[in-house]
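I am attaching a structure below and will ask some questions about it afterwards.
Here the chain labels run A, B, C, D and E in written order, and each chain numbers its own residues starting at 1.
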Amino acid sequence: MSWIKARPYVMIFPAILVFTLFFLYPIGYMIFLSFHDWNFVSPVKEFVGFSNFTSLMEDAKFLQVLRNTFMYSGLTVFLTISISLLLALWLNKKGAMYGMVQGAIFSPHIISLVSISMLWMWIMDTDYGLLNWFLGLFGITNIPWLTDPKTSLLSLIIVAVWKGIGYYTLIFIAGLQSIPRDIYEAAALDDTNRIRTFFKLTLPMLSPTLFFLTIIGLIGSFQVFETISIMTKGGPINSTNTIVYYIYENGFRFFKIGYASTAGVILLLIIGIFTVFYFKLLGRKVHYQ
Amino acid sequence: MKKNPFWKVINGIGLLLLICIFALPFVWMISTSFKTLGETMTFPPNWIPNQLLWENFSKAWNSGPFLKYFLNSTIVSVGILILQFATIIPAAYAFARYRFKGNNFFFGVTMVTLMIPTQLIFLPVYLQMSAFGLLDSLWGLILPFASSAFGIFLLRQSFKQVPEELLEAARLDQASEWKIIIKIMVPMAKPVLITFAMFSFIAHWNDYFWPLVMTTTEASRTLPLGIAKLREVDGGVAWNILMAGNLILVIPILIIFFFGQRQIIRAFVYTGVK
Amino acid sequence: MAEIRLENIVKKFNEDTVVKNLNLTIQDGSFTVIVGPSGCGKSTTLRMIAGLEAPTSGDIWIGDECVTHTEPGKRNIAMVFQNYALYPTMTVRKNIEFGLVNKKVPKAEREVLIREISDIVGLTEHLDKKPQQLSGGQRQRVALARAMVKKPKVFILDEPLSNLDAKLRGQMRRELIELHQKLGITFIYVTHDQVEAMSMGDQIILLDKGVMQQVDNPMKMYHDPNNVFTAEFIGTPAMNIVKRTEMDRYLPDLFKKAAFVGFKPEHALLVDEEWAISNYVIMESEILTTETLGAETIYAVRNEAGMMNIKSFTEPITNTKKIHVAVAYDKLYFFDIAEERIRHSYSHNTIPLSQVKKPALVGGN
Amino acid sequence: NDEDKASKENKVSADSGRTEITYWYAFGDKIGENNENLVKMFNDSQDEILVKAEFQGGYGDLHSKTQAAFAAKNAPEVTLNEIASMGVFARSGMTQDLTPFIEKDNDINLDDFNPGLMGNSYVDGNIYGLPYLRSTPILYMNVSMLKDAGLDPKGPKDWKEFEEYARALTKEGTSVGMSMPVSIWYFEAFVGASGGDMLAAEDKEVAFNGQAGVEALEYWKRLSQEGILKIPAGDEASAQAAQDFANGRSAMIFGSTANLTNNLAIAEENGFELNTAFMPSNKVNGVPTGGANLVMTAGLSPEKQKAAWEFIKWMTAKEQTIYASKYTGYLPSRLSAVESEDMQSLYKEIPQYKVAVDQLQYGKARPMAEAYPEISTILADEITRSLLERDLSPKEALDQAAKLANPLLQ
Amino acid sequence: MAEIRLENIVKKFNEDTVVKNLNLTIQDGSFTVIVGPSGCGKSTTLRMIAGLEAPTSGDIWIGDECVTHTEPGKRNIAMVFQNYALYPTMTVRKNIEFGLVNKKVPKAEREVLIREISDIVGLTEHLDKKPQQLSGGQRQRVALARAMVKKPKVFILDEPLSNLDAKLRGQMRRELIELHQKLGITFIYVTHDQVEAMSMGDQIILLDKGVMQQVDNPMKMYHDPNNVFTAEFIGTPAMNIVKRTEMDRYLPDLFKKAAFVGFKPEHALLVDEEWAISNYVIMESEILTTETLGAETIYAVRNEAGMMNIKSFTEPITNTKKIHVAVAYDKLYFFDIAEERIRHSYSHNTIPLSQVKKPALVGGN
């Protein structure tokens, strides 16, 4: 009897142990550090209370970093979801050609971000880039993709969207395929036009998929690091600096561990609040079968 | 409903364009990997290299102990996968099938880990690994990922969909819980497991950051670091060799992807991650 | 006028011909039931009428209009799907309203229509629920309401009751019959359950492998099948049909040109051994199983001609396994080698059962 | 796998009784090979000490990993400090003061080190590292283009000439005179040429917003607005500038001496002649140096300290300096090495090499304040901003940078 | 010996008492059917017997052994689930073998057992297919085979036929009856379909809201219901039951203490207007709907006592709506105010239908 009681705990133990050792404990440590001033080597960690938090909130650079992060995440998720939804509607068909296209658009997902970043840096080169070469064919010349603070964040978003679309499209296609065909037929008999069919039937039926992808997408894009670290290092003029990169930069380039930890705590708070809010508020509206 | 030929052509062109947008960068990557350094810098770019410089590959391969990197990458990716399977399958089963105190709490804890970027936690983990004496060992690359919140999430979803009667039938057949998991649950969740395996393998095969910080010697380095070494040059980067290196990195994944692609849609239709 | 005519309709899926040159007229205001085994093309036919599928060749007329290339939404047809196909994300009210909005019916009018219809089908108190919150029977009614509210000329129902349990099915069946009487519009109803077909239709169309086998009213269909297929399809248990050669021992000198002989399970009598008269076939048999269904009992028996089902309305026989099966000559059906009916000089149906002189029955326990 | 590796090493050390030390270096390719080769030579040259060399990424990666390793108490005995980071490591106690070793050791002659490279070795008056792979920015020129434009292939001497060269070499739509990324390193060179400093004495305040800095930035801005100086921004801007140069889209670039070998190869492949020159002077000559110093980490046992010192000494000795310089194109940091026959014959053969060495007489130390990396980021941002925004005057931009940077120096 | 006894079984889910103090003996070798409306606790009872659910209180005995706390796998019970619960990833062979492997039956022996069992259920040629590749009936047989191969003492079936279509259901029903006869072990069979219950069981247990209503053999259950619930549950259409007060106009001077009066639809006769004799209740009625089901016809009629269903085996009446319903006094059932049966002095069942003097029937067209 007691074995039956203990069984579930035994089964989750290894996973929870891993999470505790490698995720929860470090998070705790990070929170601890956020109240201290430390530079790695000094034997003392000086307790500073909330001063890291207050100075962070007054730091114009950090505020811009937050803005960048929200901008990047919001736009990336929005664009990825809308484009891949359209693509899914288009590509959700049988046939070798469609299979090939599905494979092709998914392929960026399998390549490491490091490779992708290098590739895109090259594609987006102002003078020699494939992108400008291509746009040049249409008379658009020399857009300084990564080198102008006006376009740099957008350029990173383009890369993220480009990479994410395939994965999202595939999940959307799966979602579309699980919508029963006959409700479309019912709608046809109800003389429904395409746009109404999309907004009144398809979209609500896809709401769980949308929900899942939005959450996963937001969490993922809040965590963006590699592309920034390789393509822009947060520049030019701080225009692409987002929170994880900022944390890394402060901690390991500028030796401000406490400060970096504080930014980490704030990131966690943002993600946490956001997730809870999203689940509570929107979760209710989502249709589950 | 009738397709007129004009739209067919437009549709076809659209599809080709899509392939271009998503596949051309790779074509360029491949093409670059065969060029001379000077040719990589010509503008507009040559799509087809003037000559096929196979030696770029051998240069990339010989720029470090690539065989070692390759082995390490394989051991780490596969090792992670095996441990993940070992930890997520029972956990997902317990979360999906048992009612117990703290079920929701522990599942919440699991989900929280999904939200944490590795850049936030590597320092404490580094110190911990050092305390365990596992720094700069393959274990240090494997252990932190020995379980996966995303995997538990996906698998739990698909375990939940197995009808209760099936488990009862098995219990009447005198099957132990262990046997139920292995013989019934796991085979039924196969598409999900394969998909998860693919994602996990790809992610860890390509992982750059973690091996970078956790290793200090070549003995425990993985492929992406070997490739990065080609890039970490004070001065001009040899793009041709770098791209050859990247191709070496990508090819195994490409092969795996080729075999796994069909499973993905099926898995998502099946799990209800929709 | 909403008479529906199918003219030389052929439907192929890839190389499979699923419907073969169908010619059919469905009277205005009729309750037409299409039956047939699974995969015979029932749904396909319906879907062509509704416009959800285009025929490979042939034309479809509704009234005086050729609708072969008209969009489904413009045909003035409403359809109830097998699994209802309710819009799962909308409330009952929205489900019903959806088609009206598309038709640009003004809001005030919509409200009135919805109120009316939900009164009729008894859904008024469920209007704000989602389909998942309703029971099977209620969902069924939503599907009906959604179809009815459009005031269509034709009402198509594809196996609408097959998901319901026996009790609810019976109830819904009756409701549909009443509804048809009330609305007076054309109903086309698909089922593979012949009991349903018999009890509901005033015209039955029997399909097999995309070919029409018989079109008749239920009683004609039941009592006067055109061929072996119909005879075996209509009635539970099915008509007992044996090769004439097997029956020779019992019927030595009758209708040599017939290839098959059949009789309905309820037309057979279980009689005492001794009893025998000239205008009955008498087969010495053994009872294999007995199913007692309250008012009736179904016996599976074996004799030299093979296995047969016998349906009896008397008390079940439990005291003996040996029995004689008696069938009046005028209750026998004959079919030729092509399985087509050989119609006999006198009709079976004109002689009421009660007037036939009855042999003594074997009593129950 | 790991264990048997460890045990194998144990065996080596046990067998031979050699002191083992670890050496971390940055960069792969030629530089990496150079490190590995030298270490191997060192290990073969004696049997007391066994050095293990490990690649750790770029300077940034190397630094953060060294810190993390410090926190975990398993730092390498010898590592590299990018010269601007010497201060941080020394002051936070991660690196060892080498002064006592130098004083005790008769083998080493500090005067032989090129004084232009020694600026960054001293932190608060003590020596914390010795110059190893060092560089300085120089001017690369496409001589073919210079000749076409009728210019002296020797190159411009001062800002005025540089401007004339750039103007003459600019052909609307085909090429610009100069392609140069916003790099603080080059900015340091321009400030130095105007006789200014980046930080005020004692590192308590910035100085780049003084007269010299403003002059430098105004010069950049003027040339850039005229279109004769192209300023690609972003992290890989230098790669792009290199590409411009390789394709003849710019006639001149600045670059580290370390790029010389590569640039010569590219010039040959793309069919043009390459020459090098000093960074142009303004009021004075003054260039920053770059690259890394060898340092010993703090807190070692005397035995390890001895071994580490031996290794550092050997690595910076004349022969090794010559070897490294020839292998990588970095500067020879010892005067004796420059004068050696080996180097001299190389300079004769490829005179472009000599320019950088000669320029070292004007070499200046890079700032070593703890906050300098962060200040560099801030400054680069403001410079970029001033170059992009027509109305933002250089003075304003630099003042803004100073305002942000000064608190970091407190 | 595998007699099953439930002693004072109570089952609660949270605060809901789903089974209320059940005392029950299921004879060894019997075919016991548990029926009742949805949610009455049938499955729960079965699951407690199988050990998949523990009773809140009370004991379960199989033979001489109290198994209340024995694990399901050790009770020597096999179960066939409503949706078969076949292991979808295993072949038919593996499905059947799974339980044997767990029981550590040696390989050679397993092979023999599987061969035997698949012969019996006719699956030999499908052994290497996966369940998805089989038809509904075949899956059913796999589920049976999987259960049978373990040679259990008790065989539990929870609505095993409810997913099958009418035709297949009939066939499987007969196969199950034969199987029971062949094996001779205890069958406990749950259904909510009373036709199934009647035709298969030799003992029927009728549950309602977790309380046992009646335990009897099918014919007793049908002809001699204990209470209104049973009377209304058994038989399609259900027994017509009206308040005695409503019947007063037709039955002015009989059985005043009865609160409800009932009669079976098939016991009513449709007769000519003029015709009337003293020992029949005659009710002037109007036909509302007519369902013709081949051999039988079901009329819904309305009269002053309310709505009633009448089942007739003669040709359907289509020429008139006005009709008289006649029910012999001795075919009436009476119930008291607590809905319990008031048994009458003479039994209905002893007088065979054919011997009752019949009124002239209204003929069909």
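Following the convention adopted for this analysis, a residue touches a chain if its C-beta (ideal position, glycine included) is under 8 Å from a C-beta of that chain, and two chains touch if they have at least 3 such contacts.
Heads up on the chains, UniProt names are A = Sugar ABC transporter permease; B = Carbohydrate ABC transporter permease; C, E = ABC transporter ATP-binding protein.
Owing to the predicted nature of the structure, the values given are computational and were not obtained by experimental measurement.
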item: Chain located farthest away, centre of chain C as origin (C-alpha); value: D
item: Chain centre separation in whole Å, for chain B relative to chain A (CA means); value: 17
item: Approximate Å spacing (C-alpha centroids) for the pair chain B, chain C; value: 56
item: Distance from the mean Cα position of chain D to that of chain C, given in whole angstrom; value: 92
item: Separation of mean Cα positions, chain E and chain C [Å, integer]; value: 25
item: Residues of chain B engaged with two or more neighbouring chains; value: 41, 43, 123, 228, 231
item: Two or more partner chains touched - positions in chain A; value: 127-128, 251
item: Set of chain D residues in contact with two or more other chains; value: 64, 68, 71, 243, 247
item: Pairs of chains found to touch, sorted by chain label; value: A-B, A-C, A-D, B-D, B-E, C-E
item: Chain A partner contacts - residues on chain D that touch it in the complex; value: 60, 63-64, 67-68, 70-71, 88, 92-94, 182, 232-237, 240, 243-244, 247, 249, 370-371, 373-374, 377, 380-382, 384-385, 388, 404
item: Parts of chain C lying in touch with chain E, wherever the complex brings them together; value: 162, 165-166, 170, 173-174, 177-178, 192-193, 195, 198-200, 218-219, 222, 234-237, 264, 266, 289, 291-295, 298, 300, 311, 313-316, 352-354, 361, 363-364
item: Complex contact set, residues of chain C against chain A; value: 47, 50-52, 71-74, 77-79, 81, 83, 85-90, 98-99, 102-103, 132, 146, 150
item: Interface residues, chain A side, partner chain B - complex; value: 5, 7-12, 14-16, 18-19, 21-27, 29-30, 87, 90, 97-98, 100-115, 118-120, 122-123, 127-128, 130, 133, 162, 165-166, 170-171, 173-175, 177-178, 206, 208-209, 212, 219, 222-223, 225-226, 244, 247-248, 251, 257, 264, 267-268, 271-272, 275
item: Interface residues, chain B side, partner chain E - complex; value: 163, 165-166, 168-176, 179, 183-184, 187-188, 190
